[in-house]
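Have a look at these structures, which come just after this line.
In the two complexes below, chain A is the common chain; its partner is chain B in one and chain C in the other.
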Partner chain A sequence: MTKVTGEIRSGAYFDSVVLMQLQKGMLELDGVLDAGVMMGTQANKDVLEQSGLLPNSCRIAVAEDLIIAVKADSVSQASAALKHVDVLLNKRKTITDDQEFRPRSLDMAVRTLPNSQWVIVSVPGRYAAGVAREALGFDKNVFLYSDNVSVEDEVSLKTLAADKGLLVMGPDCGTAVIDGVGLGFANQSQSGSVGIVAASGTGLQALTVTIDNLGSGITHAIGTGGRDLNQQVGGITSRQALDVLNRDTNTKVIILTSKPISSRSAMELMQVLHALEKPVVVNFLGYAPPAYQIDNVFFASTLREAAELAIELCDKLDFSTNIKSDSQKKFASSQRYIRGLFSGGTLAYETLLVLRAFTTGIYSNIPIDESYKLDDHASSHKHTIIDMGEDEFTIGRLHPMIDSDLRLRRFQQEAADPETAVILLDVVLGYGSHSNPAAELAPIISEAKSLARRSGRYLEVVVLVIGTANDPQDVVAQTNILRKAGAHIETNADEAAIYVGNIISGLNTTSKASLRPVVLDSSGQSLAAINVGLESFYESLIRQGAEAIHVDWQPPAQGKDNLMDLLAKMKS
Partner chain B sequence: MAKSKIDQANDIAVERMMSARPILTGIATARDVIPNMEDNLLLHAGPPVEWEQMSGPMQGAVIGGLIFEGLVDNETDAVSMVEAGEVKFAPCHEHSSVGPMAGVTTASMKVYEVTNTTHGNVAYSNLNEGYGKVLRYGAFSDDVITKLRWMNDVLAPVLSEALVKSENGIDVRQLLSESLHMGDEGHNRNKAGSILYTAKLAPMVTKLAIDSDIASEALQFLADNALSVLNPVMAACKSMADAAHGVDGSTLMTIMARNGTELGIRISGLGDKWFTGPVGQPDGLYFPGFTAEDASGDIGDSTITETVGIGGFAMASAPAIVAFVSGTPQDAINATMEMYEITVSEHSHFTIPALNFRGTPVGVDIRKVVELGITPRINTGIAHRDAGVGQVGAGLVRPPMNVFEDALVSYAEHYGLV
Partner chain C sequence: MTKVTGEIRSGAYFDSVVLMQLQKGMLELDGVLDAGVMMGTQANKDVLEQSGLLPNSCRIAVAEDLIIAVKADSVSQASAALKHVDVLLNKRKTITDDQEFRPRSLDMAVRTLPNSQWVIVSVPGRYAAGVAREALGFDKNVFLYSDNVSVEDEVSLKTLAADKGLLVMGPDCGTAVIDGVGLGFANQSQSGSVGIVAASGTGLQALTVTIDNLGSGITHAIGTGGRDLNQQVGGITSRQALDVLNRDTNTKVIILTSKPISSRSAMELMQVLHALEKPVVVNFLGYAPPAYQIDNVFFASTLREAAELAIELCDKLDFSTNIKSDSQKKFASSQRYIRGLFSGGTLAYETLLVLRAFTTGIYSNIPIDESYKLDDHASSHKHTIIDMGEDEFTIGRLHPMIDSDLRLRRFQQEAADPETAVILLDVVLGYGSHSNPAAELAPIISEAKSLARRSGRYLEVVVLVIGTANDPQDVVAQTNILRKAGAHIETNADEAAIYVGNIISGLNTTSKASLRPVVLDSSGQSLAAINVGLESFYESLIRQGAEAIHVDWQPPAQGKDNLMDLLAKMKS
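And then the complex of A and B:
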């Protein structure tokens, strides 16, 4: 008759590697059929239960308790095994008897390794934010491997870090490579010119490996934690990481990868990317890229594609982004917005998509994000793109491709608005369309431009012309008429949007508090880290030749809540 | 109390502890010098304890003390006197005193007087009896009492005279600084310190003794006892700790002492309140013929050394005695390193050669103890559980965690944090 017996040890904390070794050691004992040594979380208790290793006496265990359970041939063998636990635990201690002192507190570790720049935190989630906050207090960057950290803690930690010019990678950050040294789980890859920012651990590992396999290498690979690009966190770490790589002289090309993110976050991030001086290859899984390339921003749909493209771009040494502002044009300070008046719905929508790279908050009667739906289709608000081919404009009248009357009046309305900087129009030629749209448009364009000039403004008019030389209207002739009237001509929707986008981003440079720069390689000093939690992370650092120290961490106040609360009050 | 306020208070307290300059100036009769000493009052080690709760060595020492005092002739009478309520007990610590092991100090006993010249407070300790059957381990046979009488009547006057005539007394802090560089840690190992102490006294003793026999006996007694200096050292430590006590808002421990039954601590910012818990059993090496079964519960005021940053805290200075904790020299270093975790400063006068002359860890902060779950390390002698058998070994012991937790909760209540 087999017998399962077990015991609970309250307030005992061991890292999981020790527990696994302990479990293995117990299995080698006489008569022991199975053994389970786990912290008493619900998930762990479920695991034990499934293996028939959760005796009633252990059901009351809580997350801070260690459960030791044994299944053995007899009661006496089971209890002998339990008694042997301490022997096994002490055995481990004696092996390390002669080792250097291991600090128990972060404070001591910092005093022992004052030049450390990083603290690697992999303690249970409940304690992780506290350790991370303490690390920031010592002005250390944080690699936060722990999960189960609340999003509120994540925001407060990252905000604090950003204020101090420090990075918090994570929570739930599995990997990073800083100065060639892997933190957490990481692959040994050669150094090179590609910098990586990743909200996905395996994505980061796959990228570094692919780049290495292709014969190239990386500068830094910075993890952000999976939630960084969520609306609540707002990409604090991603922005800092991009800034680090943008300033890093060894980084030529940046890759940004993430699991699916909200379109609003993507939109906000696009502007950050666009403002960088270096080419950025973006791989947002499940996110429809607006274009293959918008200025310095390239879109790749797979990790491999991102790696290949980044390497290719590294060799384009003369890469330079488009001119982002045109000083010739004297816009008035009131002029900030684009007004797009489209006859073609798809052209309008593509424009909306591409403009996401340049600005947020484009109102429309066909918005990408429903919260930017125009209240009144007859009057524009801030940035506005209107599809005049939609039903509300065509009730009782012909499509604007044939009858431009409504559009021309709307054009005049927009031109008179002192907030309007750019008007973007499409002119779709071909059979069935208006026979000479340029002739109708040109006088109104030149009139609007001179009116603006007289009021001390400059009005940019961009016309997207879709047509061929053999169309009835002759695209060359139409274009010439429009040019003569002062219009800027584009022939592709994405290019038109990029042209316009550059103008409006130049006019709307919000004086956002600039990021306090993060310094990853202070005065060329090599990486030194303090490890709090999983010992294997410390061993990996040592194997890579990095300077490191391991903190023999235990839950504060032995996990007693009331005392932890008191200490928190006495430490604030 | 916010962190910065507490830190500030602790800085003041530890600074007072380190700047205290204990000078051994003389030897006097307890009745004449110890504050509020009474003829039927017995001072003992550790926190307050009633007769019924006293451990074997403590009860034995009480009996011996009453016999020495001439209040009774034998054990039976002593016990009846105590049981009749005719004897008062109080901790040495509540009378500016300290005593090793049982620490029993009676009104007629000669005591060392150590003055902290920086802050003006005075502390007292009885004379060390050496090894073997001694009162502090609870022995009270005739030879024990005879030896105590010789110490009181012959040895003490000579030493007292020598101390009074030596111009500036003996600077115990300076002596400790030196002995820590000679392999002592000031608690379990006082070999070097005792030699230094004897050497300092020898010229005056030989000059002032009535005859050379007495001089020879006195010096022989000091030289044979590797713990000669322990008692003046303890009084010196007490004077340093008292200087740090009573700083408003401070979370520093200023007393840690054991009576064989309970260990008690006091906190600088929490006045006269004791926080007590059951004593631990020391883990260590035993003299031939004895085992852990024979050990008494942890006992003595000598933990005043750890309280001010030496003893177990200065273990790295004393690699010779790591065997007591069945360790290696690296363990000795690690022991001291661990104590830096729970202290607020490094001693400005006590330094450790093996740590590149880093100051010893000093000033135990109860916040750190509770947060990290690290209690102070205590190096200690181990008494036999039965009265009068004596020392059976030496080793390492830790105080119970609850005393620090209780103190923390009490602090929070006192300073309105809850």
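And then the complex of A and C:
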């Protein structure tokens, strides 16, 4: 009959790699059928119970206790296995044994390696924020591998770091490469001209590997943690990281990759990206790109495409940008919004899609997001794009491509609104359409523009003309009439949207306080790090030739919560 | 005091362009402040009422009646305006007056222009299906401009057409270009090598215009109507159109554009696109592309990009395709599914995204669509992709990049399932990861493959290896071990997904009955069309030099429903 037995070791903390090795060692012993070596959290006790590895004697274990449980063919073999635990633990020869001095506190480690710029934190989640906060107190950047750190702690750590010009990568940041040195899980890649910011761990690894396999290399690859771009955190680390790479002279092109992202976060990030001086390749998983290229921002659908495109752009730094809008136009302070009056539904929809890169919250009768459905199709609200070919506008009348009446009246209504900055119209020429739309539109455009001028405003009118040289209306003549009336002419919906997008983005910038610059490579000094947690991360640093020290960390106050609180109060 | 008066003309049908001209004519008369000329549908009566243009005398009008209403400064001016209606109607000189013979039925028109291949239908919606059905009875293709045609009518018309090898474009099809002749709203574009299929009207126009502006041209541009790709209609016209362009020797590249589309429809269409012999550029509005290129299918975010890419591909017909999977492998009939066991969350998610191009319904613990959330993360269901780095797999154990145990067991479980055709794994090398994952995996792969062989199955094992030449594990050695064990190796998630996508697509093809080929250009004969509805469409055909005849159409039985039913019965 098989026998399950086990023991609890109170206050004995080992990292999880050590525990895995111990468990594997026990499985090799005579008669041992199964073994479990875990810290005594409730989740772990559940796992052991499900495997039939939780003897009654171990049920009382708490999170700070180590449970060692074994299932064997006989009582004697089980007992023998348990007695062998210390032999196995002592046999274990780790690389940290070579470290001359093993500090037991971060304080001591900092004094031992004062030139360290980084603290790598991989202790269990409930201790991690405390260690990270302590590291920031010593003016160190933090690589926070630990998960199960609350979002409140994340916000407070990142805010503190940003104030000090320091980075907090994570929590749950699996990987990063700084100055060629991998932190956490990381691949050994060549140095080169691509900088990476990633809210995804294996995404970052796959990018560095693909770039390396293609013969190129990276400057820094900065992880942010999966929640950094959420509304609560507001992308603090991402924005710092982009700023670092924007200032870094070795970085020619930046890649930004992220797990699925909200459209609001994507838009806010796009405003940051537009302000950079370098090309940025974006890979937001599952995000429908507004276009292939918007100014300096390029969109890639997969990680491989992002890597390939970034390398291509490194060699092509004179990449053509879309025309930047003239920011010298004298808009009044009341003027903030675009009003789009379309006859073509697809042109309206493509405009909505592209404008996602510049703003959220465009109201429409055909919105991308139903929460921006216009209450009343007859009156605009903030940014508004209307498809006037929809039923609500065409009942009892012809399509606006033939009958302009309603659209001309709506134009005048929008032009009179002091909040309107830009009116965007499409004019679709060709057989079947109005025979001379420019003649109807031009006087109304001129009049609206001079009315605005007399009221101290500047009204931008953009007309998207869809027509060929051989269309019956004569596209050149139509265009000239409209241009003479003061309209800016575009011939493709995406380019028109980018043009107006730049205008409204300029009129609606909520300038976030600029971040204190983070310095990653202080005067050419190479990376030095203090490791708190998994020994294997220390080992990786040493193997890469980095300076590092491992802290022989133990849960504070043996992990007892009330004692921890007391200690924290005494320190503060 | 202003006066509103009006009159009803029973059974007098005019097309809407004529009514607009009449209304404009009345507005120019002395003292007339506003005028409304509309057929007496409820919607139109509502519009007139809202404009204060519905006198009591006109409230009884029915859909078949013409309402003429006028608001004037005085009673006498209003009456004078009404009396002027016939003068205005008679003054109207249309191009159809030049047509020697004006047939009053489709039957007569067909006898007059027997070589006509097309019937253009733009009569009011409730009559349109009847006219279209009649046209199909005469073996004519139908361009169905009318909207307000029920989806049931659409399905029945398109099914009938498909049986006969005919096309029904529409309903609500605004535009098409066949053999250089524009139907409906259309631009005059050069002939060239790009064929277009569009479920969007202005989308199609914008594409033809951009291609023309870039100096290239089109073969045919085929409209399908906005509902064609819905589940109910099943893309009958789209599939016929793609087949036409695939067979057309002048068409080198195909563009497919569509309004927002369901993921199920997108996938079904992708299977059709993959089967084509030509490159296809896809622009699904607001759809996150699975990749830039999947075999012969390319994705563009905007209409302009689609046009530019198509032109580029015309000159580059040796475009590199992704590797097609070897279809000779001897899978058993039970083997249908992919099982993906990932340690990297982002790699799993990118795989899910790319596989959307090959199948729907991939179950996962991190699904794109929550309705495919795996009930039990411990057992797979049909196609399944699992991220084993998620909490449910890592509580009480290390990340699968370090500790392979759970994944190896799951591998054996999947391999034993007779429904499994492909197992896809990632192996992420680098610092921090398992020091020799291939050594653990290889024997299990070999064993699973030979077990499958002995059971008369073929098990495909694909390993996505993420590692650089300088990683501590030696990527070349790792790869060789895995390859020797019988694994197919990939190094990028998107390419791995395309590789397995092609396999599972081959194993799960539900071959739809092939369509009877549609012939658009019958032995070089140029386009000839019968127009039923808006006179302006007839006019456009004549101006383009096409042969055309206009039917002097009137609602059957003066639009009375019971009489229409009776007539239909008498004809059948």
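Operating definition for what follows: the second predicted complex is superposed on the first by the 507 of 572 C-alpha atoms of A that agree within 3 Å, B and C clash if a C-alpha of one lies under 4 Å from a C-alpha of the other, contacts with A are read in each partner's own complex, and residues count from 1 in each chain.
Quick note on the criterion: a contact is a pair of C-beta atoms (placed from the backbone, for glycine too) under 8 Å apart; a residue touches a chain by one contact, two chains touch by 3 or more.
All values reported here derive from a predicted model rather than from experimental measurement.
In the overlay built on the shared chain, the residue A:P556 is in contact with chain B alone; chain C does not reach it. By the touch criterion stated above, A:R104 is placed in contact with chain B alone, chain C being left untouched.
More residues of chain A lie in contact with C than with the other chain of the pair chain B and chain C. By the touch criterion stated above, A:L429 is placed in contact with chain C alone, chain B being left untouched. Of the two partner chains placed by the overlay, neither chain B nor chain C lies in contact with A:F143.
In the superposition on chain A, A:Y499 makes contact with neither chain B nor chain C.
Residue ranges of chain A in contact with chain B, taken from their complex: 97-101, 103-105, 107-108, 111, 554, 556-558, 560, 562-563, 566-567, 569-572.
Chain contact summary for the complex, chain C toward chain A: residues 16-17, 20, 36, 38, 41, 43-44, 46-48, 175, 182, 184-190, 200-203, 205-206, 208-210, 212-213, 257, 259-260, 285-292, 299-305, 343-347, 349-350, 353-354, 368, 395-398, 401-403, 426, 428-433, 466-472, 491-495, 536-537, 540, 543-544. Across the complex, chain A is touched by residues 1-3, 6, 251, 327-328, 330-331, 333-334, 337-338, 340-341, 367-368, 370-374, 401, 405, 408-409, 411-412, 417-418 of chain B.
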